[in-house]
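Across the two complexes that follow, chain A remains constant while its partner is chain B and subsequently chain C.
Right, the complex of A and B next:
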């Protein structure tokens, strides 16, 4: 298994941070690609973020009410080793409806 | 047609009436219902979803005449969308007949009035973040014009708050929104004038400072209120509890 962390994406319009409203998944959950995993609020609106990848949730970075900065880790998944190699293509396939786009950051290990 | 609308097919058709979603002031179908997961969750629940962008919002036109934004004309446009989408009057024993409505904020005012005007068409309605007092009707348009001309500070509190909302809202067309405000001042919301007789569910964040009077409206319509803990006017709409309650309420027939 490989670990893949996804940072809070740039939600557009120059916003630097978002507040976690509610996690829609729990540690240990199997999440499918495009499944919404968290609800976050910016100064402009609240949105659900879809998962860019299928995997098992390892870590949720923050509690409801916590502020997360853009480009800092939001969620970490465990994925099968053979799927880690296609990470570079995932953002295109995620086909977000808005300008919400998650991109993968591979952990150091 | 000046009003942009769309039909979203259900994942597996539950055979129930379509659900029409009406967004709030300075919002849009994309912001109010798509980014928040409403269209997806309703589709997954087997519901056919109709979305509409009110005039001056989202992908709809933004005419220059104030009269075009009169709430009665916005409701007429919604009814035209329903007709085009094939919605038909309620018939006993046919769960696919009629239409269910969900509104948020200004959209809830539209839904209240539509449900009151068309009990022959509306099955049930969910009214989110709804105010009895119509914060837009007290908006200080002169102060807003001065602010836009030379950044003069807006003294009137709710005007300042709404102006901030307009300026923050992604893609908002501020001149069109001000025409809508002017039109709303001409046709204020009068909840007591016509009270819906159809089953209603009110949903409001318990920290929503804009939706004053939700409890009074619910009492007037003899309906229940679901209060969302720790939610504000801006962040209640994406709440999972809100969506689940609406889907469950609209599935009763």
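Right, the complex of A and C next:
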């Protein structure tokens, strides 16, 4: 397993921070990609943030009411080392299957 | 005389001190190579979409920004033309950029920069502005990804004078070929077979692929498996598939040689000729579309050099002349084991006249 930390993004234009309103997930939860995991409030609005990846929640950085700065860690996930990344899936290695057999009269000239 | 003595000494020293192999996936091998390049070459820079903070969508640049700072490993806007334009300017200023376009299909927006600037700046400036740029392109299909994430661009880039194109087939080659590519004074398109990113294999971190003489073993093709009845010619992810086919063919008493072409520009004409001169039959396998695919170039080269000894026309087992399909149809598009075996059978049963 590897750890991936997701920092608070700039949710508006030039915002510096946001306040954690409510965590929608808990440590140990399996989170899917695009699943909302937190609601934060900025000076402009309150928004739910979707998870950028699938993984297991390791750490929530901050309690409800805490202020988190943009670009500092918000949540840390544990992900499988072989997770494919943003798109696609890891190809499964299977024993090769065949339907075609070879037949040849091999001239050894 | 003195030459052979040197070789003998080298071989003895290798035998007495075998290097332990590191078990690495291709993404880990490339990550390691990139780290070592940044360490040893102050002018090397890595940039692209999500390569910095995130560490790359395939985790290939994982941890590099933390180690080397955001001045040397940095994220770019989602604009491939800008990524390549930046690389060209940096190379003109003496840097050694290693940009990444996140997926094969995203290289299209940068094709203008690649062809009209990157490939010919050295030529245009009469050698005053060499483009020491290695463009990493996660390439080919096989991971059930959406459109633009499974393309094979090798014949497009191989057609452009001034570019070199290389595709490693396993972690060992990825590690050494990348370090070699970055040291070249020319622009190199480094096509990483993303379907093979996760397969772990032993990597000898101190010695090169073929184990013989240093840089020489990083040029040209390699024989991945020896055989005598026909040569399967492949690159990237198709090499491991052809090795599976060779294993199956052996059950039928057919010994297939597998030639890993590695360098798609320049193509190792001598290596191709040497293999097919022995086996006298050749099948070239690639994922890209059939028409004007690199297999046509390979077939022409083999036909020219081995015309008198070939027992059958060079067979091509390739993708189809359609846009790369969605994930559900991928297995029908990419040459599968049976299609390759059919190709082998066609070559084996061909009779002249």
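Heads up, the rule we're going with is that the second predicted complex is superposed on the first by the 83 of 109 C-alpha atoms of A that agree within 3 Å, B and C clash if a C-alpha of one lies under 4 Å from a C-alpha of the other, contacts with A are read in each partner's own complex, and residues count from 1 in each chain.
By our rule, a contact is a pair of C-beta atoms (placed from the backbone, for glycine too) under 8 Å apart; a residue touches a chain by one contact, two chains touch by 3 or more.
Predicted model, so just to flag it, every value in this text is computed and none were measured.
Contact with neither chain B nor chain C is seen for A:29 once the two complexes are overlaid on the shared chain.
Once chain A of one complex is fitted onto chain A of the other, the partner contacts of A:39 are limited to chain B, with no touch recorded for chain C.
By the touch criterion stated above, A:47 is placed in contact with chain B alone, chain C being left untouched.
By the document's definition of touching, neither partner reaches A:10: not chain B, not chain C.
If you count the residues of chain A touched by chain B and by chain C, you find the higher number for C. Contacts of A:21 after superposition: chain B is touched, whereas chain C is not reached. The intersection of chain A residues touching chain B with those touching chain C, taken from the two complexes, comprises 97-98, 100.
By the touch rule above, chain C contacts chain A in their complex via residues 25, 50, 53-59, 62, 142-146, 149, 194-195, 198-199, 229, 244-245, 247-249, 252-254, 327, 337-338, 341-342, 344-345, 348-349. Chain A meets chain B in the complex at residues 12-13, 21-22, 24, 36, 39, 41, 43-48, 97-98, 100. Those residues of chain A that touch chain C in the complex are listed here as 2, 4, 7, 82, 84-91, 93, 96-104, 106. By the touch criterion given at the top, residues 27, 30-31, 34-37, 40, 168-170, 234-235, 237-240 of chain B touch chain A in their complex.
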